[in-house]
């Protein structure tokens, strides 16, 4: 069963990468800037995993994915700042809120044909942005929602506990959440649930004739993906200590699609590779901001035309090409 | 109580009356061939039985249950499966994965839960049976190849093997022989007969290849202008004047 | 009170005309090629920028600048279709993603070249004011409406009475049948893409002098035009016209009752309501079969 084997290799690859990432603060102990970048990579990778489950494994194109990150972000901000909750209680509630929103939007939206579904996700994302931007009483409007705290210190590891005001500790926190989300992705993909999702992606009608309740599965993955996006949103606003509508607008939703596709849609390591490329590479190459998106647009176009499996799918693509070339030569 | 019954099914598309009161009552398992000229309503009937279309009036009953309008996945749980005229398999799943996927499904919550309690034992249990069936359709060497790599005829055989994997009780074949070259036709015929032997199920075939369908079926049902014209053993039907006038002549 | 309503109706008709122009292009592309082209808003924006550039640096004459801009987009549209959408035919997901990539590429290239803030497109017709009732509109407002209706007329005649137009309609109704009848469907595709892009460019060139020529100027018109064609029924050209106008007028009138900040929400809510309750729109045909 060679796909199960591929699955394991994907997992191994991700774990190795994850292990390396864990060592980063020790290596970069005097470079807060790079630690900052690494945290941002995690903050993008997490919603990317949510979208990967939806787009990469189930074939659902959502143009409003970051709106759910926004729901998670603002619910957490409101609970922490207005209601005085601790991060550790606000975060799960925010994640569940985003997931529930996903289910509520998903139930009517997923009944629609693909074209219409895509448009609905676009419309929903734009409505949510309008609300975040204009409902000043609740969201503080376009200026953003300031004063979002870092997580409360954890009561172990020394007399003062582990506080998250330092870059290193927040990095470890982000890494922990990222690893957890990738493990979740791995577990779901290799399960019966994941196999059914792939069936839906390849032939939805046939999947239903093989016993898959396609509507329920699609709503479930949409809810899970939205909840995961919500987690990314919570982490972002706690890190930056402010919730801003522009973080969750249409352009961000397009960026997250880019991250998933360039990284490799339908592959376990895809979201991570995509986030590294999207966040890390421009910083590394010191590209001007305007040019960065031009280049990404071009990269996405090239990938879609010539390497639709993305970066994580390169080994598979090359292997297939090689086989085909060998067969032709024989 | 009949095993399978179609009662008074009507269906029109715009001005065209596709089905005009179809009545069919089947009491035992066996292989039923459904024939009729183009436009007689055979595919529409199949679509209605399998829930892709809804009838205006009429009911479909299987095993004492009213299955009219049931969704495909509910039918699958009951053991009602079908093949497609254009032949559908999962192109990126391997042949073996296609086979293993065909089995009865758990409910959604259990499928998600399975991610965390790691049991793939149920999968492994199916592997032997899957391999046996792949061998019967001579696709063993393609076990790990994606289904898309197969020829059309091979995909047909894979499709048949997957529905059999379900251990179904009602099988609906939509033109299984179409597009299959003569060499594979034999394997197809053998497999269908084998299915009938091993599994006490009801098989209903729609097919235009007369020789094939007469060979494979125990009973023939002739449709004409949206209703059942005649039914009986292949020989009887072939010599019936009414049928000859409508179709075979 | 009446004046306020009249003002909004005219405003709405004008904006609606823009949505009609963009929507006609979208519906042509969607109808013939079944592609959801999210980069269509970019054509609109490029139309504005190119019209300005031709006007300011080449001809000094608005009419010829607009025509040159449309011509450029005909070529650009044809090139995009050949290079990008043709290889991806049949794969909806990848076509949508490619069109998103184009959005990123084109919009940010424009920002890199012309800068992130907008350009004032100063035009004398925009300055001439015409009083209607108690309100005064610029000549440009009227021009937009007149040109749009003229275009609609031309398009209607083209599609209904010319051989090529009939071939386009045939291809949009049934691709395979069109092939069987001997229609060169490949040509239909790039032509519809080219014409569609030119219409969008016209929209951008017309609205530029009224507000501002800026990189994001095509984003909202795209979504509103989309709402218009959904309302009218996605394969229907008269639908695109009626839908676009309805959206424009409804949106304008809504500012009389809700805060202008939320004006755009009207469009989004309309989209969601149509798709949930009547996905075929007012004039579209309910498609049988699966997604």
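By letter and in written order, the chains are A, B and C; residue numbering begins at 1 in each of them.
Keep in mind that, in the parts below, contacts are C-beta pairs under 8 Å (C-beta built on N, C-alpha and C of every residue); 3 or more make two chains touch, one makes a residue touch a chain.
Just so it is clear, the model here is predicted, and its values are computed rather than measured.
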Most widely separated chain from chain B, with each centre as the mean of CA atoms: C
Nearest-to-centre chain - CA centroid comparison: A
Two chains joined by the most C-beta pairs in contact, as defined above: A-C
Rounded Å distance, chain B centre to chain C centre (Cα mean): 48
Mean-CA-position distance for chain C and chain A (Å): 33
Chain centre separation (chain A, chain B; CA means) in Å: 41
Two or more partner chains touched - positions in chain C: none
For chain A, residues that touch 2 or more chains besides their own: 205
Residue numbers on chain A that touch chain B, as the complex places them: 1-3, 187-188, 190-196, 198-199, 202-203, 205-206, 208-214, 216-217, 220
Footprint of chain A on chain C - complex, ascending: 36, 84, 87-88, 92-94, 96-98, 100-109, 111-112, 116, 219, 223, 226, 230, 259, 261-262, 264-265, 268-269, 271-272, 275-276, 279, 287, 290-291
Touching residues (chain side chain A, partner chain C) in the complex: 55, 59, 61, 63, 108, 112-116, 118-120, 122-124, 126-127, 130, 133-134, 204-205, 250, 254, 257-258, 261, 290-294, 296-298, 300-301, 304-305, 308
Touching residues on chain B, where the partner in the complex is chain A: 50, 71-73, 75-77, 81-82, 84, 88-94, 96-97, 101-102, 104-106, 108, 110-112, 114-116, 144, 162
